[in-house]
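Each of the next two complexes has subunit A plus one more chain, namely subunit B in the first and subunit C in the second.
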Partner chain A sequence: MQFVSYSFLLFLAVVFIIYYLVPGRFQWMVLLVASYVFYLFSGPKYLIYIMVTTFTTWLAARQIDKLKKQQADYLEENKKTLSREDKKSYKSAIKKKQRFMMLAALLFNLGILAVVKYTNFAISNINAVINLAGGQPIEFVSLILPLGISFYTFRALSYLIDVYRNTISAEKNVFKFALFVSFFPQLIQGPISRYSQLESGLFTSHHLNLKRVSFGLQRILWGYMKKMVIADRIVVGLTTMTADTAAYRGAYVLVEVFFYAIQLYADFSGGLDMAIGAGQIFGVTLPENFERPFFSKSIKEYWNRWHMTMGSWFTDYIFYPISVCKPMLNLSKWSRTHLGPVLGRRLTVYLSSFAVWLATGIWHGASWNFVFWGLSNYVVIMISQELEPLYRRFHQKFNVDGSLLYKVFQIVRTFLLMGFLRIYDCFDGVITTWRMVGSLLTTGNWNILWDGSLMQIGLSMTDYIILAAGILLMFIVSMSQRSGSVREKIHAKPYTVRFVIWTALFLAVLLTGAYGIGYDASNFIYNQF
Partner chain B sequence: MKHIRILRRRILRFTVSAIVICLLLFLLQRLLMPKYSVGTQDGAMIAEYYNDAPKHNLVIIGDSEMYENISPLVLWENYGINCYIRGSAQQLIWQSYYLLEDTLRYETPEAVIINITSMQYGEPQRESYNRMTLEGMRWSTSKVKAIFASMTEEESFWDYVFPLLRYHSRWNDLTEDDFRLMFSEEKVSLNGYMMQVGVKPAENVPEGRPLADYTFSDVSYQYLDKITKLCKEHDVELILMKSPSLYPYWYEEWDAQLKTYAAEHEIRYLNCVNNDEIGLNFQTDTFDGGLHLNVAGAEIYSNFLGRWLQNEIEISDLRDDGELVQAWNSKAADYEEKKSEKYRELSEQ
Partner chain C sequence: MDELMEFLEDLHPDIDYETCDTLIDDGILDSFDIISIISEVADMFDVTISAEYIVPENFNSAQALYDLITYLEDEG
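And then the complex of A and B:
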C-alpha cells in the first residue's frame, strides 16, 4: 500500500477511528494488527520475512537478557564465596554466550538481507569474471525483495545490539516487539528509529488530542505537497533526460544534478513527513530524518542533516564498534609507533570511516554505482577533513568567517558537490556516469539552458511555474524552521488565518499535484531499500 | 458554563469550516469537469435522458451506430413511436446492460433495441469512453456496478465518486465555456440523436482481417443473458440489432452466433448490414465514409426501422397522446432549425 493512494487514506482513517475507540491498553494491539494488514497489502509472501526477523531478534534479545539476569542472580547468591577471579571468569563466560546469541541473530538477519538483496549483484560480478575466463555464466535467481527490508532489519538489529550493550532491557512480549519492527508509518522508508525512542509512544495509551492530531494531519499534507507537487512532477523531466544518455549530454547533466537533488529530497523527505505525521496522529513521535540539508556548508554537516537516522545507525553500530575493537586498537598502537602520531591517530578513523561508507553505499543498492557513490563520499569527506587546517588559515587570512556571501558560497558548493556525487544514482553503470559528467566539459551545449530545449523534456511552462512555486514554498518553510516549528507558528495565528493557510495548501496539492491518470506517479525512491 | 461556550464555539467553527471547504470543492468540481456540450458532445447524451418525460415506448441502447443512425423524430412523425436513444461512444455490452437497468428504474417501454456491435469486446477498453458513458448516469447501484465492470486497470472508483480527483489538472485548459456551463450544460441531442449533415462517400472500405477466434467472450454472453433476462422480467420486447455500417467489419461468424442466440432465446435479431431493403446509398448517406449515417441516411434508416417495428412487434402509435404531441411539435421545430443551421454551416465551409 502506497502512502500516495486512496486506499492508504481510507486505511489511516479506519485505523484512527478504531484506535481512539478501543480502551488505551488495547491501542498498541490495534496498531500491530493495522501494521500487519498494511504489510499484507504488499503481498502475503513478504510477511514471513518480517515475522522471521522479528521472532529471531526478539528470541536472541530475550536470551541475552536472561543471561544478564542469570549472571546477576548467580553473583548475588554467591557473592560471599566467589573470589574476584571467579567473578571475572563467570562474567566473561556469560558475555561470551551473550555475544554468541547476538552474533547468531545478527548474522542470520543480515544473511537474509544479503541473500534477497545482493544475490543477483554477486552473480553478475561472478559472471563478469566467468565471461573473462570464457566459462558458462551462472543464471540469475528470482528472489522477492520484501518491502522495506533494509529499514526493518536495521531497526531490529539496533534493538538487539542495544540489549546486548545493556542500553535497554529486552521486551518480554513478542507482539509488542513485533509492533516496534513493523509499525506501519515507518515500515517502508523509515525513519530507522530505536526502541528507546518509540517504546513509550507505542505502548502507552493515548487520548484524542486535537492539536496533536491536527499537527499530524498537517505534516502529512506537507509531505503530500513535496511528493505530489514537486517530486512526481520533476521526475518526468528527469526520467526523459536520464533515459537517453546519447541525446541529453553536456549541460543537461547539470540540469539533472539540480533536478535529482530536488526530486530526491522532495520525495524522501515528503515520505518521511507523511510517516512522522501518521505516527503523530497516534501519539507516536518518530525521530526526524532531515534538518534542512541543503543549507549545509560542508559535506560532513550535510551528512549530519540528511537521512539522520541512517547516519547515526552507521555511526553507532559500525563506526564505533570497529574503532574500538581489539584489532583496531592494536593497529592504532602499532601505527602510532611506526607511522608517527599524526598518521597513527588517523589510520583507525580512516579505516572505520571506510567501512561505514562502504556499508552505506551497499545499503543503498545492489550495484557498483552505489558502492562508488558511498566511497566517493568517503574520499570527499576525508579530503575535506585533511584540508580543514588549510581552510581555517584561509578564513583567517581573508576574514570571511561569518560573512553572508561566503556562507552562500559554502552552501552552493556543498549542494553542487553532493549533487554531482548523487548523480551515480541516475545512470546505468559507473562508466556511463563518469562519461556523462565528463560530457559537461566536452559538449559545450550551454545554450540548452535558455533556448527552449528544457521545454522538450516532458515539462511545460506550467510545470516549471508549479515547480518554482513549490520549491520557493519549501525554501520559505525551511528558512522559517530555523526559528522554530512552522506549525506552532501557524497555530499561534487567529483561526481564520490558519484556516486559509491549510485550506490553500490542501487545494494546492489537490489541483497541482501530479497524480491520477495522465501522470505516471512514481513510487517513493526509498521504498525498495 | 465557560466550557460549554468554548465547545459550542468550536463546533460552530468546525461546521462553518467544513461547509466552506465542501462548497469550495463542489464549485471547483463543477468548474473543472469537462463540458461535453461544447466539446466532445458524445459525452453529454447519457445525462440528457433524465430531462425527457419517461413515457417512451421504445428505448434504444448502444454506441454511435445508434445515436448517429436513427432519427427519433422520423419514428415519431411517421409511426407514432416515442423513442429515446441512450447512446454513448464505444458503449460496451455491460454498460448497455446497466443503462437498461437504469432506464427500467424510470419507465418500462414496450420494446428495447440493443446494439450488439459491442459483443466483440470482452474487457474494458478506454477510460475516455468509460467516462462519456458513466459520468452522465445518475447515481444508483446500476451506476456503481457499471463503473466496477468498466474500469480499466489505471482507473479508480473514487475518481468517479469525486471527479475533481480525475480532472484536477484541467485548470490549465479552462475556457469561458467552463464558467458559463458550470451548472447547466447545453442540450446537444434530440431524444439521444446526434445529427450529422456532411457527406463523405464510402470508398475503399477495407475488408475484415481474419481473426484467430470469432467466438464472443464469456463476459459478453453473460451480459447478453442478463439483458435478455431483465427484459423478460419486465415484459419488454427485446430486439438485438446491428446497425447499417460498412466499417468496422461485421463478420459472418459473429452474425451466425447472434442468430443462434436469438433463436435459442426466442428474441428478434435484426442485422441491417448490407440490407438492400433499407434503401441506403453509401455514396450520399454517410458523413464519414461508411461508418455512420448522415441525417439523410438516418431518416431513410429510421423509416425502415419504424416499418419493421410496426410489422414485426406491432408497436403502439402514440400520436393520440396530447402531451407527447405537444412535446414533439416543439422538438420538431428544434430539429428543423438545427438541421438548417448545420446545412448552412456546411455550405459556408
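And then the complex of A and C:
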C-alpha cells in the first residue's frame, strides 16, 4: 500500500477511529494488527520474512537478557565468597555466551537480507568472470525482495545490539516487539528508529489530542506537497533525459544533477514527513531524518543532516565497533609508533570509515553504481578531512569566517558535490555515469539551458512555474524552521490565517499534484531499499 | 588526568576542558575525535573503551571521560 493513494488515506482513517475508540491498554494491539494488514497489502509472501526477523531477534535478545539476570543473581548470591578474579572470569564467560547469541541472530538476519537482496548481483558478477573465461553462465534466481527489508532488519538489529550492550532491557512480549519492528508508518522507508525512542510512544495509552492530530495531518499534507507537486512532477523531465543518454548529454547532465537532487530530497523527505505525521496522529514520535541538508557547508555536515537515522546506525553499529576492536587498537598503536602521530592516529579511522561507506553503498542497492557512490563519498570526505587545516588557514588569512557570501559559496559547493555524486543513481552502469559526467566538458551544448530545449523533455512552462513555486515554498519553510517549528508558528496565528494557509496548501496539492483520474503515484525511491 | 587533559588540549587547543561539559552535544568532538581519544586512552591507561560506552554522557566533558576510565579500570 502506497502512502500516496486513496486506499492509504482510508486505511489511516479507519485505524485512527478504532485506535481512539478502544481502551488505552489495547491501543498498541490496534497498531500491531494495522501494521500487519498494511504489510499484507504489499503481498502475503512478504509476511513470513518480517515474522522470522521479528521472532529470531526477539528470542536472541531474551536469551541475552536472561544471561544478564543470571549473572546478576549469581554475583549477588556469591558476593562474599568470590574473588575479583572469579567474578571477572564469570562475567567473561557470560559475555561470551551473550556474544554468541547476538552474533547468531545478527548473522542469520543479515544473511536473509544478503540472500534476497544481493544473490543476483553476486551471480551477475560471477557471470562476468565466467564470460571472460568462455564458460556457461549461471542462471539468475527468482527471489522476492520484501518491501522495506533493509529498514526493518536494521531496526530489529539495533534493538538486538542495544540489548547486548545493556543500553536497553529486552522486551518480554513478542507481540509488542513485533509492533516496534513493523509499525506501519515507518515500515517501508524508515526512519530507522531505535527501540528506546519508540517504546513509550508505542506502548502507553493516548487520549485524542486535537492539536497533536492536526499537527500530524499537517505534516502529512506537507509530505504530499513535496512528493506530488515537486518530486512526481520533476521526475517526468528527469526520466526523459536519463533514458536517452545519446540525445541528452553535456549540459543536460547538469540539469539532471539539479533535477535529481531536488526529486530525491522532495521524494524521500516527503515520504518521511508522511511517516512522521502518521506516527504523530497516534501519539508516536518518530525520529527526524533530515535537518535541512541542502544548507550544509561541507560534505561531512551534509551527512549529519541527510538520512540521519541511517547515518547514526552506521556510526553506532559499524564505525565504532570496528574502530575500537582489539585488532584496530593494536593497529593504531603500531601505526602511531611506525608512521608518526598524525598518520598513525588517522589510519584506523580511515579504515573504519571505508567499511562504513562501502556498507552504505551496498545498503542502498545491489549494483556497482551504489558501491562507487558510497566510496566516492568516502574519498571526498577523507580529502576534505585532510584539507581541513588548509581551509582553516585560508579562512583566517582571507577573513571569510562568518561572511555571508562565503557561506553561500560553501552551500552551493556542497550541493553541487553531493548532486554530482548522487548522479550514479540515474544511469545504468558506472562507466556510463562517468561518460555522461565527462560529456559535460566535451559536448559544449550550453545553449540548451536557454534555447527552449528544456521545454521538450516532458515538462511544460506551467510545470516549471509550479516547480519553481514549490521549491521556493520548500526553501522558505526551511529558512523558517531555523528559528523553530513552522507548524507552531502557524498555530499561534489567528484562526482565519491558519485556515487560509492550510486550505491553500491542500488546494495546491489537489490542483497541482502530478496526478489525474486513476493516477497511481510513483513509488517512493527509498521503498526499494 | 593531567596526561588526558594534555592530549585533549592537543586535539582541540581552543576548548576549555575544565569547564566545557557539552563536547558532544555541541558537536565539538566528532566521531573521528572519539576514536582518537579511545586509541590514546588504550595506550595511556591500558583500558579498552568498547562501543557500548560510546554514548554522549561519557564524552561530554573531560571529567566524564576520566570517570569512565576509572570505572573501567576498577571493572578491569
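The rule is simple: the second predicted complex is superposed on the first by the 523 of 529 C-alpha atoms of A that agree within 3 Å, B and C clash if a C-alpha of one lies under 4 Å from a C-alpha of the other, contacts with A are read in each partner's own complex, and residues count from 1 in each chain.
Methods note: a contact is a pair of C-beta atoms (placed from the backbone, for glycine too) under 8 Å apart; a residue touches a chain by one contact, two chains touch by 3 or more.
Here the structure is a predicted model, which means the values were calculated and not measured.
In the superposed pair of complexes, A:F499 makes contact with subunit B only, with no contact to subunit C.
In the superposition on chain A, contact of A:Q63 is made with neither subunit B nor subunit C. With both structures placed on the common chain, the touch criterion links A:T462 to subunit B but leaves subunit C unconnected.
Contacts of A:L510 after superposition on the shared chain: subunit B is touched, whereas subunit C is not. With both complexes placed on chain A, subunit A has more residues touched by C than by the other of subunit B and subunit C. Of the two partner chains, subunit C is the only one that A:L329 touches; subunit B does not reach it.
Of the two partner chains placed by superposition, A:N369 touches none, neither subunit B nor subunit C. Within the complex, the subunit A residues that touch subunit B are 6, 462, 495, 499, 503, 506-507, 510-513, 515-518. Subunit A makes touch with subunit C in their complex at residues 88, 164-167, 300, 315-316, 319-321, 323-324, 326, 329, 332-333, 336, 345-346, 348-349, 352, 385.
Interface residues of subunit C, counted against subunit A in their complex, comprise 30-32, 34-36, 38-39, 42-43, 48-52, 54-55, 76. In the complex of the two chains, the subunit B residues touching subunit A come out as 13, 17, 20-21, 24, 28, 127, 154-156, 158-159, 164-166, 168-169, 171-172.
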